[in-house]
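Presented below are the structures under discussion, each in the form of structure tokens.
Each of the next two complexes has chain A plus one more chain, namely chain B in the first and chain C in the second.
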Partner chain A sequence: MKVLDLKTEFQTPAGVVRAVDGINLTLYPGETLGIVGESGCGKSVTSLSIMGLLPKGQSRVSAQEIKFDGKNVLAMPESQMRQIRGNQMAMIFQEPMTSLNPVFKIGNQIAEALQFHLKMKKTEAWKKVVELLRLVGIPRPEAIAKEYPHELSGGMRQRVMIAMAMACNPSVLIADEPTTALDVTIQAQILNLMRKLQAEKGTAILLITHDLGVVAEMCKGVVVMYAGQIVEEAEVKELFNNPKHPYTKGLLASLPRLDGSQDRLESIPGQVPNPLNIPKGCRFAPRCAIKMDRCDQLKPELADLGHRHYCRCLLCQEEDS
Partner chain B sequence: MIRYVLKRLLYAIPGVLGIILITFILSRVLPGDPAVMIAGEQAPPDVIENIRISMGLKDPLYLQFFHYIRQLGSGNLGTAWHTGHLVAQDFATRFPATLELTLVSMFIAVCFAIPVGVISATRKNSAVDHVSRVLSLLGAAIPIFWLGLVLIYIFYAKLGWSPAPMGRIGQDINPPTHLTGLYILDSLLTGDMVALKESISHIILPAICLSTGTIAIVARMVRSSMLEVIGLDYVRTARAKGLPERIVIYKHALVNALIPTLTILGLQFGYLIGGAVITETIFSWPGVGSYITESILATDYAPIQGFTLVSAILYMLINLSVDLIYGLIDPRIRYE
Partner chain C sequence: MSALLEVSQLKKYFPIRKGIFGKQVGAVKAVDGVSFNIKKGETLGIVGESGCGKSTTGRAILRLIEPTEGEILFNGTNVSRLKPEELRRFRTHMQIVFQDPFASLDPKWTIQKILEEPIRTHMKLPEAEVKDKVANLLEVVGLSSYHAQRYPHEFSGGQRQRIGVARALALNPEFIVCDEPVSALDVSIQSQVLNLMRDLQDQFSLTYMLISHDLSVVRFISTQVGVMYLGRMVELASTKELFREPLHPYTKALMSAVPVPDPDATKNQIVLSGDVPNPSSPPPGCTFHTRCSMANEICSCEAPEWKEVSPEHFLACHLY
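Up next, the complex of A and B:
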């Protein structure tokens, strides 16, 4: 899947807010690409824009292209997009507690996609549901399929969400903070499950998270987002060993270290800029530790540092040229 | 479940007793003397006095109340002197008319209000939404007597589409064989097509008149609870599955939005079944509403008290059924 120059705008009473501003992503089959960033940097909006799930009327999604399976998804009519959604391209959400419909049986909610996309008969779909629930490690799948969401724990519900997303064997799975709402031990289980399914089915995963630990564990490539833009992109090892952007450095410095070589955790001062009032030059400049005078004026471009490493900082840009 | 129902019924007893007491006291303190009403204003005082004694009106209030409770205990609601029948008997003939009118107007209300509410919510702030909101406001604000008269004027007097607003069926038509007392149902069951057509054409105007307020309230309720539900995560999940919008809205969202709506429907149902006095009067509908109006005007205690009691019990049963239906729709609600 390839996303070129994705822009998403929202109509708000205070004016037009551009939540995502020119994102490029390339997701290779069977790989996991991580998107990290603070709350409000546009990670979730990016994923919802790709899926076409933002409320119509209030939002405008534009892009040069969102290429999926050789087709431009963005140019498709809604009816055609529906054939892809939940079928070849599926999504898991952050909140397993509220993402399942409380009034329908779990089995029915999973079976829906099977019946709609794969035109399965009811009994056939139900068999597949039980198989899927077993696949995602739910004990007593026959019984659980007949239960309602409120009868399950958060971890179990997230497994159900994964079963639902994997029902039609999607080639792309977008996981928006799939483990954020879960206990740490459950988090590891869910991540392992996703990795196992990926290995079995060859699904490409777009993993959205604010947790660098999750990225280190799961992803091959990683994209760091800040205020609606990509500020750095690299393979995971490269990014962790050799971060270039001051924001990435700040994020990494804010992680606790096991070797005890630091007394207190670093933090990045300030907050994500108000999307209505984006800084004129570099968007990170107001919070940057190594800010230069020209940072307030010049907009940095995404500089190619080689080996799939890109960075949006005037320093890198100058190094590059 | 059965235990729950029994417990609820048990809890209702103190409430019902309280209602009996209040209606009893209220009907006694109302101005007007039934003995005078029975005997006539010109009757000699000793006759009136004798009637008072024979009706037990000279007894102290607590004794009268005690007699009344004992009488109720034996299942007797008393006699309505202004009709000369037992109150229970009068109810049996009047109540089906009210029930039928209520059911039909609830049916109309649900058929209109739910789609209107849903469309309003899914096209929030569109022209459709604005129109339906203005109409809702009007529907809730229009006085029923005015609406009834306008409906009669247009559809009976001007257009002639509707029969004269006189009762449940044409004067020259035989009512269907009595099975349930609901004319539409009875004529369907007996295959009496003439009576069916007649009873439907008679019920439409009063039912529309009665349903307007309910339509307005329910449509607004559906709209607001749909708006709430549409923004929830599980609706987004349903969309993410690639389901058509129709299924997302009418299955995933509406079922959840109906839960709060059900409360309103239950309340409205109870309210309508208590006798739509004005509607029944305007359309000469022989239901309990008009019967109670007559009883109040005649200072006839027994039917007033009986009616209050019966409607309190009905109201309670409706509330209980609403709670049980909640349990059917929402699996999170379980009654043990």
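Up next, the complex of A and C:
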């Protein structure tokens, strides 16, 4: 999957908010790409835009291209998009209740997707449902399939979501904070499950999270977002061992570590900019420890540092040219 | 040094009622016999999964909810026996900071009013001193006095949490329960608040009980850590010892499940199977036996005793 120059705007009473401003992403089969960033930086809007799931009235999504398996998704009519969604491209949300319908038994909800996309017969679909629930580690799958979402624990609901997302063997899975609402021991189960399914089916995963630990354990490549833009992108080892952008460095330094005792934590002063009032030059300038005068005026480009490492900072850009 | 707070056999059962007469049909054993001490100037971190009883323990100690059983000694005073009026006065010594800074601040009040309120209720101070005190509190938590006339919604999450801390400090307490104080914050902001909590502790010799599901946060700020599972404490030790050599199978699993922000790290992850059981019908014996890979016959019928396996290292497991 390839996304080029994605821009998403919202019409709000206070004015137009550009929540996502020129995002490029390339996702390879069998690989996991992580997107990290603080809340409000545009992670969810990015994924919803790709899936075509934002409300049409208030939002405007534009891009040079959103290519999926060589086809341009952007130009597709909604009916064709619906075929692709859930079938070749599936999504897992942070809060499973937002995408599970509370009044239907969970088995019926999964079966419906199978009948719609794979044109399965009802009995065949039910067999597959039970198999899927077993695959994601749900105990007593026959019985649980007949239960309603509210009868399950958070971890089980998230597993049902994964079962539903994996039902049609999608080639791309977008997971938006899939474990943020879960306890760590349950998170470990879910992440293991996602890894296992990926290894078996070669799924490409776009994993959105604010947890750098999850990124380190799951991803091949990482994209760091700040205020609607990508500020750094690299392979995971490179990003953790050799971060270039002052924001990425700040994030890594502000983490309390499980392994040693620190006396003080680093922190990034200030807070993310108001989306209605984005700084003119570098968006990170008001919080940057090494800000220079020209940072308030010049907009840094995403500079190519080689070996899949990109950074949006004037210092990198100047070194580059 | 002697303990500032001694808690023994603390229990809190919430009744489960059914039918129109509200007949009690059972109980959620949210906290089921928890004991620990905290020394002055130290921090006890409490970790465990959602619903294991961390917040209930914190609230029961302050008697924000009435404990079902157990004794709470604070500086020699038996808090569990205080009458309502005595308790009201005693509250000045013990304060709480909540997880969600927004929900815990009245949106219609200015910051000035939010911080004045406890001072006016509990301290008889002349007007000018009240104003000074508020200005001073804001400064202590890294805000300025021009913030005083603003309303909570005008602040960022990190700033609101600072206001929550300022309010807790208003009455010069000795002890503060911090219930998930940084869980709602992004990491870059979280570290600001954690540093602030450390500085204030040094400055005012505060004693903390820090409740968090995040082990790295707990490690950063605690001197002692207690691990809870289904209403009970399963292990309690100094932070150093617990992180160097966790003994209880649940502590081990919990620690190994935390994703490490280092792609070069190698670790042996213990992935627990199954979910946390329902606290209204906990498994018999050791409540962890349904998920424990080390369990043997005795574990499912007999509850392990809470014992001190080495100095200041407590544990409840049949293996030790």
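We adopt the following convention: the second predicted complex is superposed on the first by the 315 of 321 C-alpha atoms of A that agree within 3 Å, B and C clash if a C-alpha of one lies under 4 Å from a C-alpha of the other, contacts with A are read in each partner's own complex, and residues count from 1 in each chain.
Everything below uses one rule, namely that a residue touches a chain if its C-beta (ideal position, glycine included) is under 8 Å from a C-beta of that chain, and two chains touch if they have at least 3 such contacts.
Note that this is a predicted model, so its numbers are computed, not measured.
Asker: More residues of chain A are touched by which chain, chain B or chain C?
Answerer: Larger number of chain A residues touched: C.
Asker: So, does A:38 touch the first partner chain B, the second partner chain C, both, or neither?
Answerer: second
Asker: For A:192, select first, second, both or neither according to whether it touches chain B, chain C, the two together, or no partner.
Answerer: second
Asker: Is A:211 contacted by the first partner chain B, the second partner chain C, both or neither?
Answerer: Second partner only.
Asker: Is A:178 contacted by the first partner chain B, the second partner chain C, both or neither?
Answerer: neither
Asker: Tell me the contact category for A:257 with respect to chain B and chain C: first, second, both or neither.
Answerer: In the superposition, A:257 contacts chain C only.
Asker: With the two structures laid over each other on chain A, which partner does A:221 touch: chain B (first), chain C (second), both, or neither?
Answerer: Neither partner.
Asker: Between chain B (first) and chain C (second), which does A:155 come into contact with in this model arrangement: first, second, both, or neither?
Answerer: second
Asker: Where on chain C does chain A make contact in their complex?
Answerer: The contact residues of chain C facing chain A are 49-50, 156, 158, 186-192, 194-195, 198, 213, 215-217, 219-220, 239-240, 243, 253-265, 269, 271-276.
Asker: Quick one: in the complex, what on chain A touches chain C?
Answerer: Of all residues in chain A, those touching chain C are 38-39, 137, 139, 153-156, 183-189, 191-192, 210-217, 236-237, 240-241, 250-252, 254-259, 261-262, 264-269, 271.
Asker: Provide the residue numbers of chain A that touch chain B in the complex, in ascending order.
Answerer: 51, 53, 82-87, 90-91, 93, 95, 98-104, 112-113, 116-117, 148, 150, 161, 164-165
Asker: Where on chain B does chain A make contact in their complex?
Answerer: 232-234, 236-244, 247, 252, 255-256, 329-332
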